[in-house]
Amino acid sequence: MTTTAKLLLHCPDRPGILAEVTDFITVNKGNIIYLDQYVDRVENIFFMRIEWELASFLVPQEKIEDYFETLYAQKYGMNFRLYFSDHKPRMAIFVSKMSHCLFDLLARYTAGEWNVEIPLIISNHPDMQHVAERFGISYHIFPITRENKAEQEQKELELLAQHRVNFIVLARYMQVVSQQMIDAYPNRIINIHHSFLPAFVGAKPYHAAFERGVKIIGATSHYVTTELDAGPIIEQDVVRITHKDSVQDLVNKGKDLEKIVLSRAVQKHIERKVLAYKNKTVIFN
Amino acid sequence: MTTTAKLLLHCPDRPGILAEVTDFITVNKGNIIYLDQYVDRVENIFFMRIEWELASFLVPQEKIEDYFETLYAQKYGMNFRLYFSDHKPRMAIFVSKMSHCLFDLLARYTAGEWNVEIPLIISNHPDMQHVAERFGISYHIFPITRENKAEQEQKELELLAQHRVNFIVLARYMQVVSQQMIDAYPNRIINIHHSFLPAFVGAKPYHAAFERGVKIIGATSHYVTTELDAGPIIEQDVVRITHKDSVQDLVNKGKDLEKIVLSRAVQKHIERKVLAYKNKTVIFN
Amino acid sequence: MTTTAKLLLHCPDRPGILAEVTDFITVNKGNIIYLDQYVDRVENIFFMRIEWELASFLVPQEKIEDYFETLYAQKYGMNFRLYFSDHKPRMAIFVSKMSHCLFDLLARYTAGEWNVEIPLIISNHPDMQHVAERFGISYHIFPITRENKAEQEQKELELLAQHRVNFIVLARYMQVVSQQMIDAYPNRIINIHHSFLPAFVGAKPYHAAFERGVKIIGATSHYVTTELDAGPIIEQDVVRITHKDSVQDLVNKGKDLEKIVLSRAVQKHIERKVLAYKNKTVIFN
Amino acid sequence: MTTTAKLLLHCPDRPGILAEVTDFITVNKGNIIYLDQYVDRVENIFFMRIEWELASFLVPQEKIEDYFETLYAQKYGMNFRLYFSDHKPRMAIFVSKMSHCLFDLLARYTAGEWNVEIPLIISNHPDMQHVAERFGISYHIFPITRENKAEQEQKELELLAQHRVNFIVLARYMQVVSQQMIDAYPNRIINIHHSFLPAFVGAKPYHAAFERGVKIIGATSHYVTTELDAGPIIEQDVVRITHKDSVQDLVNKGKDLEKIVLSRAVQKHIERKVLAYKNKTVIFN
């Protein structure tokens, strides 16, 4: 497997961007293996994801970012990010007391499905320590109270920095993440909410769904922003229920949704297929 | 086809109800062709739908209701309804300016899919008159303003009574139905709302869905109650969208959802498979 | 609404195609409003759909095809098609005895959802004449027997030519279309098969699905080729069933699937979003 | 939690069965907490699942089967099975080289989601030993060749008997199970096939789906019978794909389907909600 570069960008739409960028790569002997672009015609923004093999690319890997910045980003007012396939992003998992999402993430990790490192798991409870141990991953407990929350999060941030964590997955972490954490990981904290957002924001969505008598329930994975359950949505899915389903049945059916929806979102994030813009996402596929 | 009786009932759960009711039918030589029952163990309510052939039934058709009332309903505190397959319910359609739900209902009606009569269509606009004419159904226009609303609805009610209408289908009728109409047709006005309720209650749900950046949109059919878009849900369904979909794309994709979801709900209502209880529905299948 | 050009093409993948084609359009002052491309890395084929506004385009509309052929198609060995939004494709519907797909197509047509003309309906039975009349479309009956089939199809072909028909939709047309018809309309005859192909090819798929005890049924829309039910698939969808569903229930549930799946496929065809290649389709969205 | 009895039965349909069975339970002071029945009107077979609390039941637990046999089963020609909630069924997992289904089963087991014991895992390869070890379950390797197959299966059967295994789950076990194993566990071997059966029976279904150009792929869980991939279907589900998906993408998307579909089937089996009849299943819910 040759190393590839993945470039994600957005900028005001103008004629010629696509042609110039692809030209830059092909002229320099990069072999494009993926290209997807999209123009938001309401906002007039151009979005692009392009991936190419570096084997014969004439620009040295460590200089690509600089070249691109100088040649195109300034000219077009681009906001861009460049990733390389030989760099493994480092992911922390936050969890509370439920194991289903955690198991699903670690099973994929162990099976080598994802190009990611998981150096640590953080929790506000000891319950999931046994899961971490089964997979040989360090487990750090930070009990949270109203009084110690800021202080504990500060310690968590230090631990995350120490492990050079790039992004965080909240695998049914039952604590609201505060501003300082979000600022440290903008559009890099992925949450799973156990409802079809924006329906049933907040606590106990399955109880609320049961009370309302809906015929379908859902789960939503999104980037965490300071407004609760209101960040850019990455992935959603639903499952049909009936009047025969108790709240507990909803919880059980929902678990399968939650883990699949969260893992799909994490995978897209790892593959650099998500581009958050304002409060929405562009998902390349 | 022999005539059948359909009995829907609910009452506080007690041992023996099911046995007694089925015994009543079989002892009197009724051939049960459908039975479904369900116990809500939170509310402790027993729900049942039973259908049997009357060909050899010993109790005369016109006396069944009276017998059942005397023998069982009083004893168990039952709320029940009895329907016969040789009676065609009469349905009115209310429509405004969009044709997709109207066409779908009338196509099924014309194809003889449903055991129903549609004696008239009511609208606040003339736009759909041509559709009514294609299907040979009378079309009555009642323009609605804030000032004339109560008066116009009164005239509509008289027209509905005159046509002996049993239930109403709002096929994208863009007017809030008022209390007097709801009281005249309790749990007998079926609406289609163009969102996955309870998300995006009220006007312009596709715009709201677009703004929020959801990855799935839905449609919801429900009985109309005095609280807007909050009545008992009969049926819901969803379709996946992407960031590439404009508001107009959502509208277009939504149309297919709306007509299918509405028609499914209407069909269940006609087949007497819906039992509304408090603000939820039991759907027999 | 300004006129747009839609260009669909495929050719062996080489560096620079995308850049050259977009450059051709932007240099000549065409405003690109849609672009999607895809590379089949197994077959090494480049596929592209691009749409641009002609208002300020420097190449006259009637010369675009010629220019493109000369400048790019020959160079890259492209297979391409060019369409203009000011040209309405003409579509014929073939139907037998079932109305659900026919009604759905005509309802959309009447509502102006599609940029299409429907000059005629052809059938092997008189049953659907009343539907054609409701929508004011001419209805031509060609009864088919084993003996007269070739002859009748010949007459149909003449009628289609006379009405300058561009493509054909088989809306549950219960006759196998023969070679001569397929040759006259290659990848331009759209069929709906009432199963989730390749399961249950051929006659009576709902009976076969019932016998097999599947838990989900489907419908498939595809281009007709000489091998029965084996042409390039455009669209599929499914619906869940249970052991309680009789064959008749499958037929009824299937009808909703069939009409939606067929209409989605027809819409994609009309919008020039389908590109058939070998026995598969590329669907632009 | 009080102990409950679960009774599943089927017999030729006759009037009065339901009334008699429910009467037997209520007269003997059993509290019915679940009842579902269904009549196959083509085959004229009555199916029933009933569950009741034993706390005040007058018939001793160990005599219920005998009483029921004498009083009803002989009279109605019933085929019935009686299960008690205080008995944990014992399940063996067979696996080859893929971990996704295995992890999903063991995660649920470890989380206590299921009333089941998993005393052992059997494999034809050593690859999944590490997974078994993480969960502390014994792992037995029986390499299979054409020559030793009968012999190895005989040893497996002895091991299963020794561990008092009640049913077997093939979690992507890549060996055809032979007649002797099926006879020992009739309708008690649950397989997951990675296609939407009956499409793509046999080996490499994702390759076949890719070749055919389907727009949706599926997974099917079924009881194993002697005809390959043709046993009674318990559960199916599907996921949408596009022309952009490579075979490897289908494999990856399929993995999520497979594990969810298999686990749903296993759960229904454990909860005694599946009743196989001829080559189909009745699924109580």
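Lettered A, B, C and D in written order, each chain numbered from 1.
To be clear about the criterion, a contact is a pair of C-beta atoms (placed from the backbone, for glycine too) under 8 Å apart; a residue touches a chain by one contact, two chains touch by 3 or more.
The shown structure was predicted, so the numbers you read here are calculated from the model rather than taken from an experiment.
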Problem - Graph separation of subunit B and subunit D (steps between touching chains) - result: 1
Problem - Fraction-based call for subunit D against subunit C, same above half, different below - result: same
Problem - Chain separated most widely from subunit D, comparing mean CA positions - result: C
Problem - Separation of mean Cα positions, subunit C and subunit B [Å, integer] - result: 36
Practice task
Let me have the rounded angstrom distance from the C-alpha centre of subunit C over to the C-alpha centre of subunit D, please.
Solution key: 42
Fill in the blank from the handout: In subunit B, the residues touching two or more other chains are 41, 242, 244
Fill in the blank from the handout: Per the touch rule, the subunit D residues reaching subunit A in their complex are 99-100, 103-104, 107-108, 110-111, 113, 131, 134-135, 242, 244, 252, 256, 260, 263-264, 285
Practice task
Write out the stretch or stretches of subunit A touching subunit C in their complex.
Solution key: 15-16, 18-19, 22-23, 26, 31-33, 35-37, 39, 41, 240
Handout entry: subunit C - residues contacting subunit D, complex
Key = 38, 40-42, 196-200, 212-216, 218, 232-238, 242-244, 246, 279-283
